[in-house]
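Scrolling down, you'll hit the structures one after another.
The two complexes that follow have subunit A in common; it is paired with subunit B in the first and with subunit C in the second.
This part shows the complex of A and B:
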């Protein structure tokens, strides 16, 4: 018999194991790809001995297992992910600068997905086959098939270029004394700089909406289907027959079970936001992690690639754990099975 | 009394407004294709790096606007010994770095020693040539060369003078022995220069912000921008919107034609043209069948429709050889190749591969991401089809494009690329493109490995007399174009930068561009309106 904390601990340990294996696989795989990343980084005119010196300094001239052990030791003991050939500084510095920004963008997008996805799905299900339902379904279909960058161009044109309601991309820079987490809006907020907070939100809004619209549409569709499935269940019919208030039926008896598949989808959508944000970050000149990730891959930056893979792995692992916890919280049957 | 108070208040408001107008800082907002890899001038060689470096640092000599010939700068004068091995530079006094300390011969020595020790960027100009640098006194420095080097003076355009004390105060652990990392970590995002602008802020892959250095020794005009912000903007749609809404004043000069046309159609947006020391090449693998045959290569050269290619890059002068026509050492009497299908077929008939074209398709590779380059290669494929040569176009990501150049076997038959001279002499591009010691890099797909050429370029580079050196450069160009045809030369690269003519003027916009592209972005010469 295991308690919930033990269940969580086990999941965390499995997650760590998976990440270790993943890091080794990616670490080794990159070194199998033809081409010398050091030579590429330094250029064709740099002398061979300079290239060799840098390769040695970066441990690239050792066997793969030795390289990995050295790298892992650096990560575990010092939080040192190695040197990026792309930005020419420590990968940990890159992560500290770029990751919080994309996390902030993903967080705002997640809020939008959760609120509007569930809301639209609920409305659509409750007013099934009405003009409301049809409108939501049509819009969500359009949302699913339209790529995020198309929304980005449209919003930039309309709201930033013609109407000038929002800025044309970029992100404000905070004074060094209030840079705490790296998340611009959040740091401004916790330091009471509401002017900067507003400015940061203004810069975040259009990218977040562009990024989340497809997921909102998808979420709405999933939630609608889930609610329709549950509307037809006997216990809902019974609740209606015995005179439970409609509001209570919806909020207490319908939403909770309907939210379970939605939560699963929501978790995976949010986890994938980190990687899907690349074009949004390019179009909005948003210096985030997604753009950085693609850049280090294109530059064949070994330490950068391993680090971004790990980060994505951690995000997905945490997302899965949170999904499981959320589902356990919503579904008592899952809680009981866990403790059996 | 009330009236007097009102008048005084109104006057005060007027005064404040006037003061604000007079003292408001002017900001020039530009875009770049990428932020600099580093602000350290000893490790970088990219266009975006040097657009910033020309503002942050000073140089012993500075290239003249019209022809890039060396003019006195930090060095007020210099002498060279009879054997051309000893170069003595006498420095101007009173030049200060951005931290207020004076630039002396010790800083020049340190900059050269540092560049050679690190060995990156443009160090290869000096690494095997500058045997020793000596400080004679505070304002006299001597470079002792191990062998004569004809272009030495112009290569000093790439020796940025860094503040030794500042760098030494900011060393971190590294691989340079007692010098640690030689300040590479510090100079990644900070400057140690004396140039007309200092680096106020640098956010990697985001933007770089420069601030005018008002104590610059040569003076900076009051109408030069006080602040320059260069944002990394990758997307054409975003660039157009930013220019249209007035959020940027100057767009980088590497826009695709459709974007450039859209920008210049906007009100008050003009275009500045300035040629680069760069050519577009179709680089032919001379060691791989069927392009290992001289007649096959000549056939391709005659079958290329140069006018059609120049229409893809309008305003770009035709190139008849490997050296841009405005660069010292260009052979003006080159005949080159013209589009002539009859001559192409005649050359092809002489090739041993003439009757076997279907068995010998050629792969043409180009770097992914530039639509105009793709059009060039499509045009090339269409041209080759006219004489029966089958072309497979391969659009390769940068990593793969570099990887494929590591051996003859993996190198494609033809690649398309712009190759650039690092200093304003023919030798720069000739050595980079055709010397056997530069094979294996993406700048050279030809795999020429010619003893004749190697001997010529080696001799040219140690020839100090400029006329004699130019003669050798010309000989090399004729050898390449007339005898070997290892490349197809299409046009000289011309940068076209769209800018708001109602916001500022600059020499390039006034029809007086600098002969070296990056030096057009010395903001000291800009005038805000």
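This part shows the complex of A and C:
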């Protein structure tokens, strides 16, 4: 017997375990990088004693298992991810500053993907083989094969250079007294600063659309085919025959089961969303966690790299658990399987 | 003897003809095949086809810098006066090479592990392999590839390794699910009953029947891998300049928007064309082999 909360708890624990093993593997590999990261970060002019002191402060002079254990203790007990050799401050401070902005961008994109992907897929399926369907299908095919940076160039050219309706990039900084969550648009909204909220949304718009278009296209394709599969099912024919209203058939009998494959695929979209955020944040000079991650990766900053991997892993895992919950909510078979 | 040979090969040829006519009946699949063949020809003969092959690497001619598209320079010239069209052809070559290298590393590893885990279902071997696979799927593929490259040296080879490390688990999963369904086939049961070794069953009975889905996935993945590889050079961790790569041509060109728009736009469009070709081809193959799980 296994109830839903137990199932979720097991998933969570397994996810944590996987990420811990992965972080240890990456930790060990970073130690194998030739060259001394501390020396690289401090530069050639700093005295050897200073470098040595920092090495021992950061546990680089100890065996990798000891260093890892020390780091893990810090993470679990104090949320301390170690010291970034790149930004020269605690990695946890960097995370607190940059992560919310990326989360805001990713959340907005995820909402766009779900809403528009499913909307377009539904329209396409309900008006199958009409010009509307064919247009959506053509556009979604083009959307799937276009890398996000190509969308970004297109939108920059059209909406930022030519029509100048949206800013070229960047993100305004809020006054410190209204920085509650670190998500710029969200903070402006909850403090009632609608002028700043509008400005933040304008800065979010092009990055979010560039980030989500490819996934919207893919989501629409999957949703279309999943709806078409279900339209052919006997229970739909039966509902139609016994005279259930068309609206009810679509909303209740057709939409609900069609969401299941869509949601499953959505997990993959989250993965590409988090990866592509790297490109989009670079393109739009968006001061988020992905651009920060890229800097620490380029600088081979050991604690930074481990933290980046871990944070992306955690965000990804949480998204997947939420998706599984959504599927369980829609599909009674999944719910029953977990309670068997 | 030759008689025997034709008898044996005829059904195979018939099957191929049947599959080909099914494939060719879809004009889009044919278009995909033509585009891919054309791209391969362009990549292989880049040196002969490119109007300015010497522009592929370090080359400076500031007098003809930043020129728009013309008959002399089909896609214009970049800030160093290099012919962008020529560089795109060499970038295409690099993209295809990376794609092939990733598949050449990732697919054998992924398929082999999937075969082993799938055949030894519900044993410790299965658990060990599939848990190991989860490790590589815990982080989004592009992030994992970037982290791997960060620990090595940015460049062609490690970009391919990085992507392969993020990619093989998908083949393990696919092969695993294929083996799971194929193991229930009668011919596998017969082979088991007649005392065939597990190596024989995995390699001779199961693998040949799993080839077409795997092959189709490779064609579909080629486009994805090229996007990821170009993304890596876009952020500066893939193929390093002055070697031409489509991603870095795009990222370097952004700073010239909007006046010299052709510098990033044509390489970006070229990536779209490459991926489109491979996807159309892959979709065509998928229809022919009637593979649903891809």
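Just so it is clear, the second predicted complex is superposed on the first by the 331 of 340 C-alpha atoms of A that agree within 3 Å, B and C clash if a C-alpha of one lies under 4 Å from a C-alpha of the other, contacts with A are read in each partner's own complex, and residues count from 1 in each chain.
Assume contacts are C-beta pairs under 8 Å (C-beta built on N, C-alpha and C of every residue); 3 or more make two chains touch, one makes a residue touch a chain.
Keep in mind that what you see is a predicted model, and the values were worked out from it rather than measured.
Q: Contacts for A:298 in the overlay, against subunit B (first) and subunit C (second): which applies, first, second, both or neither?
A: A:298 contacts both subunit B and subunit C.
Q: Determine, under the contact definition given at the top, whether A:283 touches first (subunit B), second (subunit C), both, or neither.
A: In the superposed model, A:283 contacts both subunit B and subunit C.
Q: Looking at the overlay, does A:47 come into contact with subunit B only (first), subunit C only (second), both, or neither?
A: In the superposed model, A:47 contacts subunit B only, not subunit C.
Q: Applying the document's definition of touch, where does A:185 land relative to subunit B and subunit C: first, second, both, or neither?
A: neither
Q: Counting only touches as set out at the top, which of subunit B and subunit C does A:153 meet: first, second, both, neither?
A: After superposing on A, A:153 lies in contact with both subunit B and subunit C.
Q: Between subunit B and subunit C, whom does A:164 touch in the aligned arrangement: first, second, both, or neither?
A: In the superposition, A:164 contacts subunit B only.
Q: For A:173, is the partner it touches subunit B (first), subunit C (second), both, or none of the two (neither)?
A: first
Q: In the superposed arrangement, does A:316 touch subunit B (first), subunit C (second), both or neither?
A: Once the two structures are laid over each other on A, A:316 reaches subunit C alone.
Q: Counting contacts the way the document defines them, which residues of subunit A are shared by the two interfaces, the one with subunit B and the one with subunit C?
A: In subunit A, positions 153, 156-157, 161, 282-283, 298, 300 sit in both the subunit B and subunit C interfaces.
Q: Which positions of subunit A touch subunit B when the two form their complex?
A: 34-36, 39-40, 42-47, 49-50, 53-54, 57, 87-89, 94, 97-98, 153, 156-157, 160-161, 164, 168-171, 173, 282-285, 287, 291-292, 295, 298-300
Q: If we count contacts the way the header does, which residues on subunit A are in touch with subunit C in the complex?
A: Contacts found on subunit A: 15, 18-19, 21-22, 25-26, 29-30, 32-33, 141-142, 144-150, 153, 156-157, 161-162, 270-276, 278-279, 282-283, 293-294, 297-298, 300, 305, 308-309, 312-313, 316-317.
Q: Note which residues of subunit C are touching subunit A in the complex, please.
A: 131, 134-135, 138-144, 146-147, 149-151, 223, 227-228, 230-231, 234-237, 247, 250-251, 254, 257-258, 261, 264-265, 268-269, 271-272, 275-276, 279
Q: Okay, in this complex, where on subunit B does subunit A touch?
A: Contact set of subunit B toward subunit A: 37-38, 43, 45, 118-121, 123-124, 127, 175, 184-185, 188, 201, 203-206, 231-235, 237-238, 241-242, 244-245, 247, 397-400, 402-403, 406, 422, 432, 438, 440-444.
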